[in-house]
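Right after this note come the structures.
The two complexes that follow have chain A in common; it is paired with chain B in the first and with chain C in the second.
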Partner chain A sequence: MTDHETLQSLLDKADVRQYDCYQCGKCSGGCPMADAMDFGPRGIMRCAQVGSLGRILGSSTIWLCTGCYACVDRCPHDVNVPALIEEARYEAARRGIGRHDSDVLNKVFVTNLKIFGRSHEMILAGLYNLLALKPAQDVAALPHMLAKGMIGIKPNVIEGNDELAEMMQRACDWDKLEEKK
Partner chain B sequence: MIRYAYFPGCASESTALSTTLANEFVFGRIGVDLIEIKDWNCCGATSAHVLSEALGLALPARALARAEADWPELDVVTGCASCYARLKLTNHRVRQDGGTRYMVEKILGRPYAAKREVLNFLDVLSRDDVKANIEEALMRTFRGKLRVACYYGCLNIRPCEVTGAKDRENPVAMDEIARLAGAVPVDWGYKTECCGAAHQNDAALEARPLAGRILHNAKECGADVLLTACPMCQMNLEMRQAEYIRKNRDKAVGRQTFPLLDVVLPPPAGKTIPVLSITELLAIAMGAGGERLRMDAHHVPVGRVIADALRDDAETEVFL
Partner chain C sequence: MSRIGVFVCHCGTNLASVVDVEKVAAAARELPGVSYAAEYKYMCSEPGQQMILDAIAEHGLKRIVIASCSPRMHETTFRKMLKKSGVNEYLLEIANIREQVSWVHTDSGVATEKAVDLVRMAVAKVAKDEPLKASSIPITKRALVVGGGIAGIQAALDIADAGHEVWLLEREPSIGGRMVMLDKTFPTLDCSACISTPKMVDMSAHPNIKLLTSCEVAAVRGYIGNFTVTIRQKAKYVNQDICTGCGNCEEKCPVKVKSDFNKGLSDRPAIYRLFPQAVPAKPVIDRAHCLKLTKDRCGLCEKVCPLGCIDYADEDREYDETFGAVVLATGYGLCDWTAMYDEYGAGRFADVIDGLAFERLVNASGPTEGHIVRPSDGAEPKTVVLVKCVGSRDPKKGKPWCSRACCMYAAKHAHQILEKIPGARVFVFYIDVRTPGKNYEEFYDQTRKDGAVYVRGRVSRIYKEGGRLICQGEDSLLGKQVRVAADLVVLETAMEPAAGARETAALFGASADANGWLQEAHPKLRPVETQAGGVFLAGTCQGPKDIPDTVAQASGAAAKAIGLLNKDEMETSPMIVAVDEAKCSGCGACVDICPFGALSLEILTAREGRWERAERFVCKVNAGLCQGCGACTVACRTGAIDLRGFRNVQILEEIDALWT
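Let's look at the complex of A and B:
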């Protein structure tokens, strides 16, 4: 697939028509992360209009989007930018150009679920800090939370965690099958 | 008796200690029966759907399918905005799109028709009959002495196409509930702005200002307390206040910031703002004491503000 075709398939999957956007900028105006992003939501739409897939996939914007939906909610043409950003993240991951920190957090989170069935804050934050090389992040709150019993060592394991892990595997396999098609 | 299937969410078992106690207390008093979904699993929150679309839909669907099988006549309610968003979106997509339903049922290995609604606590507390019950259950009120900034968070409201929220820019549901308890909601600008969610972990540098701005505006607008309707927002807004405040101040005067100091030193006095959930506020007004609610678990002390607001109430013991 050429880049142009790939971009079109991402837009189709996200159900976004790039020329619906007339670059008014309400999305970037309301985006809470806009000042930290390189392009912002409006820039992403512009890239889509001029067929610049590489710029979208390499941008910090797709990894800094919090998914708060302020942009799509305020868009006069209902352009679903977060849906396009989500598809762009999948494509970036397929090409191995993901953002390290997000990737670590998400993978630790999902691995957590596969083992226990529920999120375990201690393991999540601990493993993340370790793997993302941020040993000091949020540790100031740790003594308080431990002392008050808000977080602990013992994980909550659900009864059906084996069945859940199998289900999660089926879901991931489903995505891979879709890609091959 | 009003009954709902209940999806507690992972935070209820850990960081949202006092909110969970308050939920139990309040819903017990107002005659709303929350039946926990059997063996519920995490909804995938902000992570699963970023890795895989199918996984992001299958995780909430598992819990929802269980609720549908066990209590086909009950709507599902959850107290966390992130859980709410994932559950509601899955419900919506399965309902709208036959292909998604086929995929989800294949992955789950059991039927799931998304027949019932997914609601958040604000939906439940805003029901007319529930409001009447709340008013009946109140033991003491704040009598206009507690100013609150109601923070809805993004995902309790958006995307409107999925949530069906009416007041998308200026929601008032929580303001009205707070008013029942005698608190005074202030007008402010960050009701539905995002707190940064998981980016407070994986993009801390970029996300910290999001929470900082919310707290700053609440304080500027004269709020004594920030009210939330989501344990994840609550943690994000409460846990790192020292960091946000110092960073804001240093930036304003053009001073070099020292991240390590921000983390280690306690927050500057008088600059912090306590963060309570809406159910905690109601629980206090319904007579629950600070010990019972484990208010000591809050990162920013709340006892003083609440005690001041309740002080001249002759009928109540001192909250502290």
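Let's look at the complex of A and C:
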């Protein structure tokens, strides 16, 4: 598939038509992550309109989108940008151009769940900082959060966590099977 | 021998590029009754018409089939031509091989085959055509203009100046419409009231114009040339013949109601004039808020009126009047943004107002005498944000259209703020700037030079922080999110069709499009006419437009109405229904189905002998009202009604021809 065809298939899967967007910018105007993004949702739609798949896959925007759907809610044409971003993330991962830190977070998060059955923030943040080579990130907030009981040191293991781990393993295998198809 | 002539048009390459016109003509020559067939590049042109006339003379043709464009396009052209030839103009059939063939097919073989079929059907029908003769009905030389805004005023003045009687009907207590609410008008910045109120005075003084305020159209019967309109005069409770408009009652009335005219920025009494320069300059009582009418208390206005004009017993009245022509000028309303834009506060913030409210604020005769202040605390705003396309260009909120005037009045608002408030900052959020009008781009240019900052992006959210309104949006040219802390926000909201416009138009047989704007007969070539004969459109009822376009269209509608009223009689189509009384059983199914009220049952004395007398009902046709739609012919059980020009036998002949 050419990049052009790939982009079209991502748009089709997301049920987004690039010509629906007239670049009014109401999406980026209301996006809570816009300040940190390179393109913002309007920029992603612009890239789609000019057929620049590479720009979309290489952007920080697709990894910073929180999926809050404020953009879709306000869009006068109901363009579902988060759905396109979701498809772009898959494509980036397939091509191995996913962001290292996002990948790390995903892996640490899944491992965390498999062991404890629920996310243990202390271990999640600690492992992430180590593996993503950002040892000092958010450390300043630690004393405050510990003091307020927002995070704890003792892991909390749920009942039947082994069964949950098995379910998650199956879900991961399923994804791989789907991809092979 | 029928002596039918068939003429196939090429329509330049419109037809000939898809249909093999020579083959169609050749096939036509073989059809029964056809004595002559020819083709030509442009049948409707003068040499084309001459060619047909020559062929009629040379070959003694008695009936004509023309294979060309839709009959809607040129049937009348060819009928006019036949009047010169001695062949009755109703012995003509048009086979539509453009809209129904060449424009919708790409395969030449299939298209040619279909064209031949259509010609064969037309030949079969024309053989059964009968000569018909048009009759005429007298025209009532009086026009009705519905709506007293600038469009209605202009149309009424033009028709009246041409010497015809005009009645202007307005549902509010005063004429003037939206234009009198405005302050200055772009791009010349002349005062709206100064240019519209003299026209209003001209109206009230014009000998040919009768003003009907607080009136509505209740029902309409009849058709072009003779509309019988039931007018509902709402009770005014003030004897308008005696009242001098002294204003005592307005001063003494204890009731305070939010003034719609001032967009809720001030109060008015329950007995009121819409605005000080109202025409007619006499007050009416708002029955929903008057203490006397709602609770039988007060009665102050009656006591203070020196002439005894107040009449609490006044009631709504209905009466019928007949008009020859109608101009619809029902105007527009602004969309209710508070119901649509939660992200802009949905009306929770007093200092987020719409453009019309700003017009009242900046207007010298408005509630603040022209001082631009914040509605919340009366302070002068230092930073103002103007948001364009609120409601417009927003399919999700049901309004896909561009309201056309907002780009320009937003530029005018920006200019007025910068002029009136020294040191003020104005930010205009826009998607596109559209300035297609004479001197419009120059005005926009000047506004930017005045200091207005244009930000390309739609505001995403307005929220309150520290007593100021934060407008958050994207500067899409920078690709950065921006937040402007404003003291006042003006939303330039969408125009929408006035409430009830569709229903009023429907009474006259005119229709509205999917968005509720009234439908013109043709978007380019018949922009002021409707599909209903004798009903014309003026101003924003037909679509969003600014004042210059509105006035121009109003004069156009007036010219059409004058053209109609200048005739004494109007030719009516002879293609109307006829009843075979011998077959009619008097069931009345046709009477119920007729949309024009043209049919009625009458008693026929069927048999009258010395000893017996039998009476029965039969259907009668009012030739002035029948429009030849044919609905009754389908409903008639006995087949007693037939539509001239489309008789059952003609249609069956056409269908039979398709199978042979």
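Points to keep in mind about this one:
Throughout what follows, the second predicted complex is superposed on the first by the 169 of 181 C-alpha atoms of A that agree within 3 Å, B and C clash if a C-alpha of one lies under 4 Å from a C-alpha of the other, contacts with A are read in each partner's own complex, and residues count from 1 in each chain.
In the analysis below, a contact is a pair of C-beta atoms (placed from the backbone, for glycine too) under 8 Å apart; a residue touches a chain by one contact, two chains touch by 3 or more.
The structure displayed is predicted, hence computed values, not measured ones.
After overlaying the two complexes on the shared chain, residue contacts for A:Arg118 are found with chain B alone; chain C is out of touch.
Contact with neither chain B nor chain C is seen for A:Leu133 once the two complexes are overlaid on the shared chain. When the two complexes are overlaid on their common chain A, residue A:Leu142 makes contact with neither chain B nor chain C.
When chain B and chain C are set side by side, the one touching more residues of chain A is B. Of the two partner chains, neither chain B nor chain C is touched by A:Ile97. Look at A:Arg170: by the touch rule set out above, it reaches chain B but stays clear of chain C.
Once chain A of one complex is fitted onto chain A of the other, the partner contacts of A:Tyr69 are limited to chain B, with no touch recorded for chain C.
Look at A:Val157: by the touch rule set out above, it reaches neither chain B nor chain C. Contacts of chain A with chain B, set against its contacts with chain C after fitting on chain A, overlap at residues 35, 70, 78. The touching residues of chain C, counted against chain A in their complex, run 343, 389, 393-397, 431, 456-461, 472-476, 479, 481-482. Residues of chain B touching chain A in their complex: 10, 13-15, 17, 39-42, 44-55, 57-59, 62, 103, 106-109, 154-155, 158-161, 168, 192-194, 196-199, 201-207, 209-210, 213, 239-240, 242, 260, 263-264, 294, 296-297, 299.
In the complex of the two chains, the chain A residues touching chain C come out as 22-31, 34-35, 39-40, 42-43, 70, 74-78. Those residues of chain A that touch chain B in the shared complex are 32-33, 35-36, 63-64, 66-70, 72-73, 78, 86, 89-90, 93, 101-102, 104-107, 109-110, 113, 117-121, 125, 128, 132, 134, 136-141, 144-145, 148-152, 156, 158-160, 164, 167-168, 170-172, 174-175, 178.
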